[in-house]
């Protein structure tokens, strides 16, 4: 597994919580998406908005997302989101995201993304292409 | 004031509410945005995703938004959102949005948008252009 | 598998889409949450805001969510979200959510929730309890 | 005008942007809400989740919000949100929020909130009460 880890500390906002006073589930997927962009920025030293152009790709669309909600997280809780690539395959990769509160695991999540370009024979389509080995190498 | 009115009935969702059990303020602006698109669809009989191409514009970006929250709206409340253009000016227009619950006004809101195109002399810029009179006429 | 199915037709809103013009992944989980509430309303003929009190529970918190994004869904697309309980176990249950566009599967998702009450011995805690058989029966 | 200012630096996330690649308008109101909580935390040295209990209030619900969108803000832009109380009145107060990008004003916004408690004669109702002078004093 690549060694590069992206840690981000946040405090849970009022607007992220539902009537139980805990984070509404869709909000976690916003946090994970942002962490993946930051993880790539950290690895490749390229700003998120320049990622596509720098590597000649369309982007890294998500094709699978999953989360296990182990403990509720409340308004005002200080959380840490730890993200890393779990595995690179040919043209896709898995990212894991773990949120802890006070050192205890609260959400155990992950996603799969694909390194994609616009199909040169059909600009209406996108297609998966091989992730460059030097990109993978940057994740340690 | 143009006569065309767009009414939409909705039931407040769990994920739209904050820890008080009432709608979080930013969620209202999502509802208003959707209503403006629907109002234009109703007036111009063009699907939202085809609006820009049909009229040769970039879009109708919002330049001002405002809302008065008269009464809290709760999870499960049946609401009605009533939207209409209040005034067309040269290249901008005001839309008013009112949300009622059980016939009582709960949110009194409005926004200003601009009919814009990409500046032909500078594709990095957008500029306001005159709203066509036949567009205005379609709002009654 | 219980036979009750909840279908909901929606048109994708501008504010649900990201810079690619397709639905941002977290938005799907908002749609699924709303569908689960509607599915329970349909089965139990109780309004979502009355569910907890009617059944003497705290709620049905989500403990696991997952989604496979098969095809991108674009701004203005007419979608159908089909939801059903896949399985009831002692105190938990799985709900599946499928989104189709033009009859083709676009998102294949699911979640696990738990029938919970406040722990009478410790009001700070919640605990899973058995789902009443007459509740299960209502799902067909 | 009270002198206390709350500055927050952020980088615009992918999920906050719409198909134009700029921040969707409702997202700004999420940012403002969070800034108001942080401003009160800074002034009163009390965590947001402890504000109500510490001061024996129900909360500080928003009754009016407004924003002028001066310049579009794009994915990846580094922004600064500057918030301060513009005026305290008897039981209500105005907060102004300004977002700048590269030192230029991009959003000029504000909101009105009310210091409220639960009506002791009618727990179903909330009512505005006088903001304590020592609370006001903490804002400089």
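A, B, C and D label the chains in the order they appear, each numbered from 1.
The working rule: a residue touches a chain if its C-beta (ideal position, glycine included) is under 8 Å from a C-beta of that chain, and two chains touch if they have at least 3 such contacts.
None of these values were measured; they are calculated from a predicted model.
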**Message:** What's the farthest chain from subunit B if centres are computed as the mean of the Cα atoms?
**Reply:** A
**Chain pair with more C-beta contacts, A-B versus B-C** = B-C
**Message:** With centres defined as the mean C-alpha position, give me the subunit A-subunit B separation in Å.
**Reply:** 33
**Asked** Could you state the distance in Å from the CA-based centre of subunit B to that of subunit C?
**Response** 29
**Prompt:** Hey, what residues on subunit A touch two or more of the other chains?
**Reply:** 14-15, 20, 24, 26, 30, 33, 75
**Request:** Answer with line, ring, star, complete or other to describe the graph linking chains that touch.
**Result:** complete
**Item:** subunit B residues within the subunit A interface of the complex
**Value:** 14-15, 17-21, 24, 26, 75
**Request:** Mind listing the subunit C positions that touch subunit A in their complex?
**Result:** 20, 24-30, 33, 59, 61-70, 72
**Request:** Show which residues of subunit C lie in contact with subunit B when the two form their complex.
**Result:** 13-15, 30, 33-34, 37, 47-50, 74-76
